[in-house]
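What follows is a pair of complexes built around chain A, which joins chain B in one and chain C in the other.
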Partner chain A sequence: MQRSDYILKRTLFALLTVFVAITLNFVLFRALPGDAVTGLKCHNCTIQFKNALRKDLGLDKSKWQQYVIYLKDLAHGDMGTTFISHRPVRGELWDPIKKTVAMIGLGTVFSIVFGIFTGVISAWRRGTVLDKVSVWTGLAFYSVPTQWLGLMIVYFVADRIGLPHGGIQSPDYGILGNPGTLDFLKDRIEHMILPALTLGLVLYGDYTLIVRSAMLETLGEDYVLTARAKGMSNWAIVWKHGFRNAMLPVVTLIALSLGFILGGAITIEYVFDYPGIGLAIVDAIDKRDYAFLQGAFLALTLSVILFNFIADLLYFKLDPRVTT
Partner chain B sequence: MSDVTTPTAAVADEAGLEGSAELTPGRRGFISTTLRGQPQAIAGLTVVVLFILIAIFAPAIATHSIHAKTGGIYEAPDGNHWLGTDDGGVDMFSLLVYGTRVSLEVGFAAALVAMLIGGTVGIISGFFGGWVDTLLMRITDVFLVIPDLPLIIVVAAIFGRHLINIIIIIGIIYWTSTARLVRAQVKSVRERVYVQRARSIGAGNTRLVTKHVLPQVAPLLIANTVLTIALAVFLETYITFLGLGDPSTISWGKLIENSFLGNAVLNNAWWAVVPPGVAVTIVILACTMVGQSMEDALNPRLRVGHLAVRRFRLRPLHGHLESE
Partner chain C sequence: MSTRQPILRAEDLHVWFDLPGDSELHAVQGVSFELRPGERMGLVGESGCGKTTTILALMGLLPASASVAGRVHLEGEDILAKGEESVSPHRWKDIAMVFQGAMNAFNPVKTIGSQIAEPMELHGTATGRAARAQVRELLELVGISGERAERYPHEFSGGMRQRAAIALALACEPHVLLADEPTTALDVMVQAQILELLVRLTRDLGLAMILVTHDLPVVAQVCDRAAVMYAGEIVEMGQMTTIYHDPRHPYTRMLFAATPDLLGDEDVLSIPGAPPRLDHEIVGCPFTPRCDSAFAPCPTAHPRRLEVAPGHEALCHLNDHLVAERPA
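Right after this comes the complex of A and B.
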């Protein structure tokens, strides 16, 4: 199949999935018992007032009409207003997402760099003690519950290396004069390191095992044997022949996992009290703020679809053998 | 992604057609083939059986009541309370023993639900092909992108936070990878000579599926289910940690949540934080080792796969490479 056909097909599929996801998002949240008004904590409200409010929010219309309105609003970028703070959901989402992306960015880079490094070495030195240690470390991080690893780091690591284990800003920040940009960055990054480390370690377990398996597969190929017979250096064999070809599954899987990380960071942010999208979601669950939850989940779903799409394209780009 | 075909997939299909004897050992020799010469499979199985025994004989093993205050708050471990007490003065060791029961219950039951849904969808999809296949696989694709949390929250809100609902929801979240795996396998089994022979002498679909397809797919399905148990135990801790668990039962996830909410870290009570996480890690590790050894023994080409099918719920790599 032609390149353009493939891209077109994947794009159409991605768009279709977005539409299904939006619809499901509507259905799932309207399936919840009661609505925004039932959940309202107000003892003095009369039934007339509640009905007026329902009318105001469009809840008196049929589900089908509500769905059309929901789609129309979404097309204009309007995700409704939160139940609690009565501010537009879109604005409320943006700030925590930025903070989360910074944190998971740091953790992901850590896990990718170390995961590739140890995975490649482990495959190259297959069967040695080094390999065994690396595989068991990977398996351990793969098996550990994320929130518990976070608690362990808070308990056993945070104080020892003198890093803050909660929040995003030191309590004394900005009290003595106006701190400069550099101080601001330093403070932010210090608060980011431990949650990022937790995420990084958990992902590291996945990545190092995937890289190792992919490398083992390519190192067994005939062209690696040929390269060795030609007398190429180990370095060139591992990186140019082995790793370049092992990249395909690795890159695709990492791209796929990126979509899920945003959701996976929820418990980490909860443990570290890091005010990102995860903490906002936990908060919203607690307060039954379904409008916010609906918006947040739409954002999470879209990130998954987006990265699936990117993975599809990468897969095609990296492997010229792909035909459809 | 399901319509991306690679040379690897072609090779696997060919192997499936011609070398079926080596790829799928008969069901009788299946367990012994898997265990022979695989110390890690034996070790994993031993650990799983041990935990099952602990779960069954929990009342006999527990040293104290888990519903009564039998010591001070956060009392350190001693001869009476082997693992100290929690923030309510309840014996931690007994809680851990009873927690095994609930955690394994959720793990096994949810994996069973996933196996039933995924197995059925995979067999129907792979056996009948055509538009049925396309429709079912598109539904699977959609399920793969829905973030788990909205489903969990909706179920918790509508049906209440009961253990049974948590089991069902975990099953619903994890059936997709099973379905894809089974479908790929069924597709290759369907074309084998003896199945076609049976068809030509007039065997009906029911007979073909139950007598010929199912026995060939069963070992792989079991291996996948063992891996799903690990995922389910993990997801239970995640759901519970977000406060969406069954409030009336004690699971390992609940113990981790309690240690977090009860500020065990601040109280320096390592005995309340460390044990439940270690227990979860060991069970996940053991199930992974057993399931992985089984899959490797059944189909060496899958080796890269399932490690990715995990907490961020990646699409399995084998689904990626071997479908269509």
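Right after this comes the complex of A and C.
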């Protein structure tokens, strides 16, 4: 099998998965008892009104017809209209997703950079005090519940370092005239730091332990002894021969965990009252916003598929042996 | 045999490994030998007798859990005297190693060519374009097309990888080659080709070589001299022909008897039992339990190293009468 075929194959596979995800997203919602209208919180609505609403939403048509309409609308980028705000789902989704992506992006970069750094050092200096401190710190952050860590940061850290407890912008923001873009960004980032730090620390624990064990395994390989025999310095061996091989399992794990984070940051957003996609989903469940939830679930599924695809491509780039 | 100064001399080399629970494993117990320029010496013995540990010690490549005592003189300089500092400038430049290429001696994510060029750049013998040209030459020298430098290890067969491992060892034009089981895990045809290649290269380039193997016929085919190791000691050492025709240690004799004969007119004998554990002091001769000629002094007294003939030494009580004949 040609190596160039690999990308084609992976792409087709990702697209197929997207299709299956879309279909499941349709089927699961229809498999629930009742329909979009049954769950409406509307005590004064008559049966006639509800039936008229069903007809309006196309729920009187057969499931197959509904499926075809769903696919057709999706192909045009139309995900329907939310029940509460009566605005297009796509726009309503996009805004909280942007905020969440910015926040978890910051946290993830933090965790990857520090996780890899301390993981490599820890493996290189195995058995030293440095290694022990690093492993225990990693284990501690890996084990604490995310929301607990978030609360502790709100209680003990936020005021000390003068960062906001929650929300996404200061209450007095924009009251005194129109602030510039730079002030806007500064305010947003200040609100982002603590939730991002919480996520970053939890992920850090995970990543540093994975990197350490992958690195230890690599440093035991024969080619590392070869490199030493060639006269390479320890640091050069770790960097030139250890790192890339150790990154193979790490890249996959990180990419997979990132796929789930978009939806998994709910507890963090809740603790910090950060209006991202997690909070939006909780809110939509509360309000029985059927259309918004369907769109949100699809978006989360797509993010998992996307990161899987990215992991496949990275693996391909890193490992010349990959052909299937 | 040449009368030139030895290029490599090991003197009373000992290696201990720390074991968990405060015990130690005395893996190499006072190994001494000399290697002259252009000479090929075989280091033979069963698994776990300390062959690989010995040659790793020569290059200072043992893990941190090992402690080494003794001296290794390379062209007159004691390279282990100051640890890493005194040995690292010589690694690969003066003394290089052929690893078991069929195993993972090459990094799977780098091209073969870049890995052969690496030591050249490290030691400054060649860089950039010159290094790449040398890599191609080296590959051609070991019988691989130079274009394959751009290929990855998994695209090479076991035999080719072993050839590439030899090319890698030659990268900085060393004077001494240590080959650790270079033909293990290869089929017999490829094995023969690799051995032929090693003989040809050492002869053409004037390299001294230590060939580590458990395979006595391989040594007989390739080497001028052989050292037989048992339980961390060299129990017999001498010219290949002398050792073959006149073995003075029962272990050597039994190793030859354990080799199938092409004509099949002699039975292949196996040596019963297993080598002793080295994590405690051994009283007497370590080979006693497996020896077919053991007698009174063997279980209690450690044999003396005796020169049974010029250039032929053995470590066996059977030779004790020689001392009586010519008192020291």
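Convention: the second predicted complex is superposed on the first by the 321 of 324 C-alpha atoms of A that agree within 3 Å, B and C clash if a C-alpha of one lies under 4 Å from a C-alpha of the other, contacts with A are read in each partner's own complex, and residues count from 1 in each chain.
The definition used in the following text is that a contact is a pair of C-beta atoms (placed from the backbone, for glycine too) under 8 Å apart; a residue touches a chain by one contact, two chains touch by 3 or more.
Nothing here was measured: the structure is a model prediction, and the numbers come from that model.
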Clash or fit (per the criteria above) of chain B with chain C on chain A: fit
Three-chain overlay, vertex chain A: chain B-chain C angle, C-alpha, nearest 10 degrees: 70
First (chain B), second (chain C), both or neither touched by A:L71: neither
Touched partner set for A:H241, first chain B, second chain C, both or neither: second
First, second, both or neither for A:D319, with chain B first and chain C second: both
Contacts of A:D222 with chain B and chain C, given as first, second, both or neither: second
Partner chain(s) touched by A:I266 [first = chain B, second = chain C, both, neither]: first
Touched partner set for A:S143, first chain B, second chain C, both or neither: first
Partner chain in contact with A:L151 - chain B first, chain C second, else both or neither: first
Touch count on chain A, higher of chain B and chain C: B
Three-chain overlay, closest Cα atoms of chain B and chain C, distance in Å: 8
Set intersection of chain A contacts, chain C complex versus chain B complex: 319, 321
Residue ranges of chain B touching chain A (in the complex, touch as defined): 1, 3-7, 141-142, 145-151, 153-154, 157-158, 230, 234, 237-238, 241-244, 253, 256, 259-260, 265, 270, 273-274, 276-277, 280-282, 284-285, 288, 303-304, 307-308, 310-315, 317, 320
Touching residues on chain C, where the partner in the complex is chain A: 59, 61, 88-89, 91-93, 96-97, 99-100, 103-110, 115, 118-119, 122-123, 152, 154, 168
Residues on chain A engaged by chain C in the complex (per definition of touch): 221-223, 225-232, 241, 244-245, 318-321
Residues of chain A that touch chain B when the two form their complex: 9, 17, 20-21, 24-25, 28-29, 31-33, 139-140, 142-149, 151-152, 154-155, 202, 206, 209-210, 213-214, 217, 249, 252-253, 256-257, 260-261, 263-264, 266-267, 270-271, 281-282, 285-286, 293, 297, 300-301, 304-305, 308, 311-312, 315-316, 319, 321-324
